[in-house]
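Per-chain residue numbering starts at 1, and chain names A, B, C and D are given in the order in which the chains are listed.
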Amino acid sequence: MSRVPPRTSGYFRTGYGQDFRLIETRWRRVSAALFSLALLVFPFLVGGYYLDLANQVFLASIGALSLMLLTGYAGQISLGHAGLLAAGAFTVGILFKEWNAPFWIALPAAAFVGAMLGVVFGLPSLRLRGLYLAISTLALHFVVVYVGGEYQTERGDYTGIIIDAPSLFGYSIVSPRLWYFVLLFFAAAALFICINLLRSRTGRAWRALRSNETVAAALGIGVAWNKLLAFVISSAMTAVAGALFAYYRGFVSVEAFSLFLTIQYVAMIIIGGMGYLLGAVLGAVFVTLLPYAIEAIMSALPGAQAYAGIIFAVNYAAFGLVMILFLVFEPLGLVGIWHRLQNYFQQWPFKNRPLAGSK
Amino acid sequence: MRMKIAVAAMAVAIAGSASAQDAYVVGITSALTGPPASTYAPAMEALRIYIDRVNTNGGINGKKVNLVLLDDSAEPSKAAANMKRLTTQDEAILLINASLSSTYAPTIGEAKRASIPLLFAGGVCPNEVYPPADPLQFCTTAYAATFDSRGALTFVKETAKGEVTLGLAAMAIPLSRGEMEFAQKIAPEFGFKVAGLEVIPPPTPDYTPFATKLKDAGANWVFSWAPWVTQVRTFEALRRLDWKNDYLTWAHLEAEGELQRLKDQKLFVIGANSLYQDNLPIHQEIREAVKKAGAKYPAEQMSEGWIAGMVIEAALKGAGWPATPAKVQESMQALKVDLKGLRGGPIEWTKDNHFRTKQFYRVYRWDDAKKAIVVAKDWYSFDVK
Amino acid sequence: MSAVPLLTVEKLEVVYHRAITAIQGISLQVLPGQIVSILGTNGAGKTTTLRAISGFLGLDDARVTEGAVTFKGKRIENRAPHQITSLGIVLVPERDKVFPNLTVAENLSAAVSRRVSTTERKRFEALVFQYFPRLGDLQSREAGLLSGGERQMLAIGGALVCAPELLLVDELSLGLSPVAVEDLMQRVVEIRRELGISIILVEQNAVVALEVADYGYVLENGRVVLDGDSARLSNHQDIREFYLGQAGAGGERRSYRTIKQYRRSRRWYG
Amino acid sequence: MQLAINIIVLAAIYALIACGYVMIYRVSRVLNLAHGELMMFCSYLLLTTASMFGGHPVVAIVAALVLSLLVGAFVYVFLMRRMTGEMVLAAVLTTIALGVLIRGIAILFWSAQQQYPITRLGFSNMTFALPGGGRISLFAALLIATTALVYGALFLFLRFGRWGIRMRAAGQNPLLAAQRGVSLHAVYALTWSLATLTGALAGILISLDSGLDATMVTIGLKAFPAALVGGLDSLAGALLGALIIAFAEVMMIHYVDPLLSDVVPFLVLIAMLVVRPWGLFGTKEELDRV
């Protein structure tokens, strides 16, 4: 009789090749293709304002991804994120101001500085854990910003260092649309790097670290080394994000890197969903767009001018509220919601009842 | 969340279409809220009142003026985003920045890319507006780096009897620090000894330590050019230390009210705007307008915005209709606006001077005998070259 | 059984982290003034049973999913610990039984007495020092510096101040010298006799437990495999072998395999 | 002499704020990063009560303080209570979020304008000359007195008060405390309202001494290193930490560069974290708890 291979329900990996694939199953491949297509078409459909929003989202995603690597995967809490962004931005600013360094030199330089700072930020992590680590990184944030401010004052750029648009292959990147593609490229690269990093030995080591350092050490994972590595990689990425920010906005100034920026990034990874790269991206989108959404809604309301004065306050309050709501009611963040939706549609019309005794 | 974005998109679309009517669209990014709001929000409210008045009186060249007022709460990135929106969405023909200096760099960048004239009203004037001026940038703000220190030290020179040991107090923001360092540099030209320069971090629970240092350094005159908080708290701290000498500081919007609160004969405020106790016709006019509009801020804080309004009106009138950024810029490059006594003289712009040809100063102080604020030194001016 | 029970546990099932079932279908009851001992090896579910009775904290992430715990006719499963304590069930835990950085006196005064009147409370505090004179001399010493025996005393004392009707004692004998254990057991019996408090003793040391207890239950893998009054239990063949460590009938030692067999056969008991 | 006074005043400010951090951390193992915001909020409450009870400044202040107690309890009952049993980090982030929320609300209601509660209340802040040539303002002096009072009271309460002892007990071993009949929620709520009260005291006195605006928040943040240097779970530590930080800061202002004064606390902090992460008086195992 003829051998009919058993029909599989669902997707099973039947070979090592499949293990290495980034995107499994045809359906996923199709949707991914559609999504990237949409991304490519988007800039030709909308005006500069939305392009600017998109660009902000890309910048934020890079930063959020790097923070997610550090906190969401390696379990090292850092409140020095804004400081690192500042470091990247100021590297560009200084290189440009002093030596008029081009894009392709300044960017790697920023990455390098970031990596070096990563070591500095990471050193306390060898000795400290949890909150204390967070605090020490916070302290370092202040130091970095202080130094930046000093430089600004020394050079007399009270209102911030203005940076010319970078030129790539002779083109100078000015138009929002061009920027869109540049930033899209960098964001995609960042995502790709993260994915593969987490599939590697290092990624697994980080996960182990996060869940239990002692056990990780017992399993022969170099705790110190991997912690530092996490800091270095994440910091380098962050610095690049900062550098891109500097180029995109065309200026560098300490005021742009307040403590609140750090809070925003932390919020991104919480709201997005700890421990998921997707979460970092979703969080970046959400946190970046929230204020504009609120503003737009308020300006759409009748008598918008009257509210003009309170938009900031409302934004602020709303931001805090959303963060709280997520922390309290949806610790898994947007990713959690996303997964629940997926399950719902996959099981539709059936509902899944929670295990008896679960809350 | 997708939903939210959709809503946002719709809403913005509405806003956009609303602003594309036939009117002069003037785009503003300002620190309406956030920590430094108290400096900028009143000015912008004044501007709004002024423009509303203009509109009710039939607008300019028969066209209404549409102010698109966006809040950047003094965050550079927010300001940049606002500018993007104003230039791409609302198609403004004139941009206004009334915000903290840290928002200048991005604002200027965006204005340049869209080549739309940019007016600084309420925030300090950037270097680009002084001769030789950047074609796109203009400034109506009263206070001006370097000139203010010169004006202040001149006053000290004339008023002080005998040896002057000058103490300087700055807030730890680049702008204020820079200005005070400049004052420190030029002090010797006036024959002053500099007791020291205190750079005070913005949030300070107690100003006494800084004051103590100034006092111990033997300063018999102190000059402070910084946000009002720093100026006044340093002063109060000094007084608490029983320091009885003269204190000269910049007359911010709050000055008039604060002079009355503090009632100190030796507290001088130097400024370019006349105070409302002069009670000129223009002041009464503003008071009435403010009362009619039921404004949140007192009339005493409205001068900056009012002046900006006068200038914008003149500029748009000159640009005619239909107006383009280019036309507006052209009319701004040769503009003379009589400020009816709000300042010592008119605002006059030429091709390479977008600040003003003469910068006027006046010094006030509280007088116990008169139980009122009196002029300590009347208008005196410096040529801007 | 004639008298109406003080506490009854019926078909209790406890799930940790919404996934791990620690005990299933445990039933037992305590009569007023009775000392009941729960025997069992490590991980048999003894502690979990006590915790289920005395209440879980949010951070335990455990809860009673089935069965009922009834105290004086009141259902009390899944209540907050302090509520259950105020009902009169007080636990002396196995580990962390005292507040290390508080002095002995403070340890006692930290406890909330069910009977609010201060005189009552004073009486109970006095009682503690009467039963455990040793603590009297150590009043102002930090609990962290006490010896194992003293800690145990303090723990029981602290529990007593809560004016319990039912005292749950987890591993009284753990890490104590036989002498100390003997002494403590005497105190426990006194307390029962003089205050009429019912007591549940969870023990690995079956010898001691069966000595003082009126009734006993044997737990294995989260189930009750054997129960009966102490006399019956201590004469029971298997108990003698596996808990009291005495040689079986005929003295020959059974092989491990047959022990296993016994265990399987016991699964369906009780 | 003046230097000494400046140091003491600053130390008093920091200490008074820091004890809020310490209490909450010590009892519930939560680091309340919204303390600064709560401070500001309560100070603004004073403005409101001042306008309500125009004529009676004392009434206004008392009312504000009572309100602050309620605010603290409210925060616990409606927010932090849900975070019990969650990751410590989650709880801390919640407080951060809370801070952002409060800041927004404060601006919404009172705007970020410079305010002078002292004039609202009709007090005047005279200054006295002290023997030895120093001078101190009335409210600065009051602040020192209050700090001393608060710390004294807290010490007695935690040492001898029954609920004080229970607070300590709950801090050491929540489970056992609960089994001994202590209602943890009650204890935590109490802790939060007391901590908020101390914060309110600090905020109100500072704003009476030198005016009130949104920067109050940052002052709260600056007091945080003091708490950490002393050891997050020790009141005595907070006191000493505050003294050290204040000393370093004033000395820096006077002899080196005033500009450094707002980095100094954090530099001291870093030094501390490197040498003795658990702080001067902190207990060592804290490190693993957090």
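Rule of thumb we're sticking to: a residue touches a chain if its C-beta (ideal position, glycine included) is under 8 Å from a C-beta of that chain, and two chains touch if they have at least 3 such contacts.
The shown structure was predicted, so the numbers you read here are calculated from the model rather than taken from an experiment.
A.B. asks: Comparing centres built from CA atoms, which chain ends up most distant from chain A?
C.D. replies: C
A.B. asks: Where's the contact count highest, between which chains?
C.D. replies: Ranked by C-beta contact count, first place goes to A-B.
A.B. asks: If you average all the Cα positions, which chain's own average lands nearest?
C.D. replies: Per-chain C-alpha centroids compared to the overall one single out D.
A.B. asks: Could you state the distance in Å from the CA-based centre of chain C to that of chain D?
C.D. replies: Chain centres of chain C and chain D, defined by C-alpha means, are spaced 44 Å apart.
A.B. asks: Starting from the mean Cα coordinates of chain A and chain C, work out the distance between those two points in Å.
C.D. replies: Chain A and chain C have C-alpha centres separated by 52 Å.
A.B. asks: What is the distance in Å between the mean C-alpha positions of chain A and chain B?
C.D. replies: The separation of the two C-alpha centroids amounts to 38 Å.
A.B. asks: From the mean C-alpha coordinate of chain B to that of chain C, what's the distance rounded to whole Å?
C.D. replies: Roughly 77 Å, centre to centre.
A.B. asks: Which chain A residues sit where two or more other chains touch them?
C.D. replies: Expected reply: 310, 312-313.
A.B. asks: What parts of chain D, by residue number, touch at least two of the other chains?
C.D. replies: 107, 262
A.B. asks: So in the complex, which bits of chain C are touching chain D?
C.D. replies: Per the stated touch rule, the residues are 54-55, 57-61, 80-82, 85-86, 90-91, 93, 96-102, 106-107, 109-114, 158-159, 162.
A.B. asks: Touching chain D in the complex: which residues of chain A?
C.D. replies: Contacts found on chain A: 77, 124, 127-132, 134-136, 138-140, 142-143, 146, 260, 263, 266-267, 270, 310, 312-321, 323-324, 327-328, 331.
A.B. asks: Going by the contact rule set out above, which residues of chain D touch chain C in the complex?
C.D. replies: Listed in rising order, the residues are 84-85, 162, 165-166, 168-169, 172-184.
A.B. asks: If we count contacts the way the header does, which residues on chain B are in touch with chain D in the complex?
C.D. replies: Against chain D, chain B makes touches at 33-35, 37-38, 172, 198-210, 212-213, 216, 228-229, 233, 236-237, 240-242, 254, 261.
A.B. asks: Give every residue of chain B touching chain A within the complex, in rising order.
C.D. replies: Spelled out, the residues of chain B in touch with chain A are 1, 4-5, 7-12, 14-15, 32-34, 37, 41, 48, 69, 71, 73-78, 80-81, 84-85, 87-89, 100-102, 104-106, 108-109, 113, 126, 172-175, 177-178, 296.
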